[in-house]
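Multiple structures follow.
What follows is chain A paired twice: with chain B in the first complex and chain C in the second.
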Partner chain A sequence: MTTNIALPQPGEVPTGRRRRAQDYLQHHRGARIVAQLALFLVFLAIYSMLIAFSPSLGRFMPTVPALLVDGFGTILVDPGLWEGVGMTLYATVLGLAISLVLGSVVGVLLSIHRNAYLSAQFVIDFMRTIPPLALIPVGLLLLGPTLRMEVTLIVVTAVWPVLLQVHFGVVNIDPKLLETARSFRIPLWRRMLFIMAPAVGPSFGTALRLSATLCLLLAVGTELIAGGSGLGYLVGWYQQAFRIPETYATIIIVGLLGVALNSFIMFGERRLLGWHRRETKAARS
Partner chain B sequence: MTARRTGRRVADVLIALWLPLLVLTIIWIYTTSVPSPFFPPLGRVFAQFGEVWLGPGLTEHVLPSLQNLALGVIIGIVLGIVLGVILALLPVWELLLNPYLQFFRALPGIILLPLLLMILGTNDTSKVLLIAYGAFWPVLLNTVDGIKAIAPEIRQTARSYRFTRWNIFTRVLLPGAFPQISIGIRLSLSIGLVLMVGSELYGATRGIGFFVLEAKQVFNTAGMWSGVILLGVIGYFLSVGYSALERRLLRWREVAH
Partner chain C sequence: MSNVDTGSRARRKGRAVLSIERLGVTFPTDAGPKPVLTDVSLDVHADEFVCIVGPSGTGKTTLIRCISGLAHATEGTVRLDGQPVTEPPQRLALVSQDYSRSLMPWLRVDDNVRLPLNGKGIPRADVSRRVEESLAAVNLAKAGRAYPWQLSGGMQQRVAIARALAYQPEVLVMDEPFASVDAQTRAELEDLILRLQRQTAMTILLVTHDIEESVYLADRVIVLGGSPATIHHELEVALGNDRDQLTTKSQPEFVNYRAEVLTSIREARAIAAPQ
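Up next, the complex of A and B:
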């Protein structure tokens, strides 16, 4: 099927040009960043015009200079912000770490026997569908607006995706791999380290991504609703004080924190699981 | 033979049920025998459940909550699919918009609640918008990925058969990407439920979440736990219900394989 005859295709011309622009942007990092920044300026211009022409919106949305000067200018030099960033990040990472360990252990235990998972299935499914923020009143009642309450809520929520992904990762290991290892008399710890761990790796990566998003949502949500400290609390506080530029600036910082967390995890995943992606890609093509 | 099969089925049911029943019994006995203001007897929680949620609470709190959830999630899913398809067909724009999409996806939706309350006031519109916002991103990103994963030959074939744009959309792109879109919809349902509760805990006057918070404030712990149980039940049925719907919608794939 390699003998394609190149016929002139009038309809194809725009697609071709578009394809060329796409290839160019994909392969030239500098050009891509310049184009993205230009787009950012366009967004800012549209936003400024929106505010300028609609005073009712302007009451609740800061102008760009106000956002930069009153917003970022005020909060970036405020030690309270950095304390908040530290608190939110600490709760998120601590909750994530506990969830990962706990979820992995229980997930592996549940995969020992088919009946173990079947027995636990209903409890797991019910617990994991309780919307996590609903537990905030319960947490407030039992533990008060403390870091311990925040981390507990995060773990109660984020442990389920880890547990399920690890469990299915273990169950779906190719039995031939395990049998081969056993007939070569490879000791258990080496089997776990060199066969089970890499096989579960990809689904563990998925769990990590899902849980990290949940953890940040929970941390910020708890702080906003329950009060206490952290970035969520700061946003609520600025909004109630009607300090609009500061509110927006803090929200943007929350978003940037989320982006940083995601990119960090994606970077780690690429380093540790790059072999998996290459392998699946090779298998597909 | 049939006797053995029934025996197997009975055993399966027993295996699936013993742990939930055991947990329930332990909680029941523990809360009844050791009185604690935080953990009221389970019997009282269930009595409250019947009294509140099957009585006046149904129309006062449950229905408004569910209505916001349904509206928000539907708006989010429809917008996510439509814009996702458009974005997947315009790869240059997808490339340019990527950092901004990443930013908004990473921004936890709940943090926008104070802003929405300020701009729109404490009404259902701000709640629906928040839920729609949260439901939008997973659907959008999964739609883009799903459509990009469709083999280009399939689209070229459709084009050479002169399918109309609408037919390509409804008969090629949407079914081809649906397994992936479905993952996004599943995520958006649970995010929607989370945001529904969140929007009722912060500056609200009704809804299940509001009831739970208020019950906690007046130390009506039985009422509080009954609300939490109700939210779990809603979440469970949402998840089970969508699984059934998904299986129906994807039945054609089993035939094709």
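Up next, the complex of A and C:
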């Protein structure tokens, strides 16, 4: 016999009306957008007040209208901006793609035997903790301010989270799943494709998100320090030309690019890994 | 000893489908080799329902893993249709206790059932028919498009059973299949598996720690015991073809069988842990 006695748990989620109020924004997209916009306006107001009350800050921070008119008004009609967006995006995506492939391959290889990972552990930990921007001078020396240097630096930085996530993803696949596959005589390549790959999916998704952010950071950082081309270069150029509104506007474009990249990845993740999110949710309720 | 023959089901004249000969398993441990199973010999015949019971930790699962080709015996052989089992055999399907961990969470129910059939050269139409039929056989015809984690524990275990059925095995091996569902669901699943066995004439080997369940389901109960474990006792259950949770379980024969298994398990435990 099973009984359903609901005992109040410590820290229990509120039910009824309070719960509905708490979850309101989660379930109402329109209201959520309004709330987010409102908070953004508050942020702009604080920013404007800072400039208004502190003339010294005002010298290096454009007012909102100046940002819109002199900043965006100038850069959006400049073909150089779009070229820069293209360059930065190209380097980011290329670096990300190489990192994903390379990291996945090495991550899987390191999972074949426990000793492989244990031997590689020091090199991995050492390499991934080097602040990536510190490598820019080396890259400049070796390859000059080229796209190749930019992509190399991106890969050297972004490959580690992929490698680790894929490795631990593979190692932590439930042995029960693999045993089930083996007991049904599912051939090895089908097991890899239809059981191991989807099982690693959630940790690969995490790797993708971590790496994409790193790639954009590295692309812009490299461009800013090494020059050449791209959005980072543009930010540096406007700043040296003392064109403050344009500098800020370009930085905001970089931010928007990051948001766009992230949303794109989240969209793909929702499509492909929706089962994982909902499974975790089902397990929690 | 109750051996009132109310119609023994087992057609013992048939050949042995599964034949275990002097099987022994020894695990290497830090404290030296530890024998788990020794001298286990057992013949299971076509269309027979055999239950293996024994105190927990006796090596029931180890035995099952050897039979299903997932582990290797240290001594002796396991033969299925005369062929030594060295890897998971084609004609055998395994249903384990952890239904939630044996179903792929990224696949819908019907795709989970289909998974073992894909890539085996079976025509697509046949695969779909087998998936449909086996889901219908476990009363889950309508749940095909759901994900396993959207279903209750009992339903998930039925999906695992459907997957095994669609595989069309000659021998179905179940390792404590109903251990993690509630009592009501458990009774339903027991009746389901009995009905399926009668319909398909599958040979079933089921491991359980539940004495009542073993007597209710089996044509023959094997009691495993001792350390290292071996077959401690064996009894024929002549309760006939049609069994019912209420009437079968209140039959005096049933009560006697249950007492016999219980006594035997107690003896086995006494041997395993001498005072």
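Operating definition for what follows: the second predicted complex is superposed on the first by the 245 of 285 C-alpha atoms of A that agree within 3 Å, B and C clash if a C-alpha of one lies under 4 Å from a C-alpha of the other, contacts with A are read in each partner's own complex, and residues count from 1 in each chain.
The working rule: contacts are C-beta pairs under 8 Å (C-beta built on N, C-alpha and C of every residue); 3 or more make two chains touch, one makes a residue touch a chain.
It should be emphasised that the depicted structure is a prediction, and the values quoted were computed from it without experimental measurement.
In the superposition on chain A, A:Ile173 contacts neither chain B nor chain C. In the superposed pair of complexes, A:Phe194 makes contact with chain C only, with no contact to chain B. After overlaying the two complexes on the shared chain, residue contacts for A:Val108 are found with neither chain B nor chain C. When the two structures are aligned on the shared chain, A:Phe184 is found in touch with chain C, with no touch to chain B.
Between chain B and chain C, B contacts the larger number of chain A residues. Using the contact criterion defined above for the overlaid structures, shared-chain residue A:Val93 touches neither chain B nor chain C, since it reaches no partner.
According to the touch criterion, chain A has no shared surface contacted by chain B in one complex and chain C in the other. Taken in their complex, chain C has these residues touching chain A: 68-70, 87-88, 90, 92-94, 96, 98, 101-102, 104-106, 115-116, 118-119, 147, 149-150, 163, 167, 182-184. Those residues of chain A that touch chain C in the complex are listed here as 1-2, 174, 176-177, 179-180, 182-187, 190, 194-195, 198-199, 201, 275-276, 278-279, 282-283. Looking at the complex, you find that chain A touches chain B at residues 18, 21-22, 25-26, 32, 35-36, 39-40, 43, 57, 60-61, 115, 118-123, 125-127, 129-138, 140-142, 213, 216-217, 220-221, 224-225, 231-232, 235-236, 239-240, 244, 247-248, 251, 254-256, 258-259, 261-262. Partner chain A is touched in their complex by these residues of chain B: 12, 15-20, 23, 38, 91-92, 95-100, 102-104, 106-115, 117-119, 190, 193-194, 196-198, 201-202, 208-209, 212-213, 215-216, 221, 224-225, 227-228, 231-232, 235-236, 238-239.
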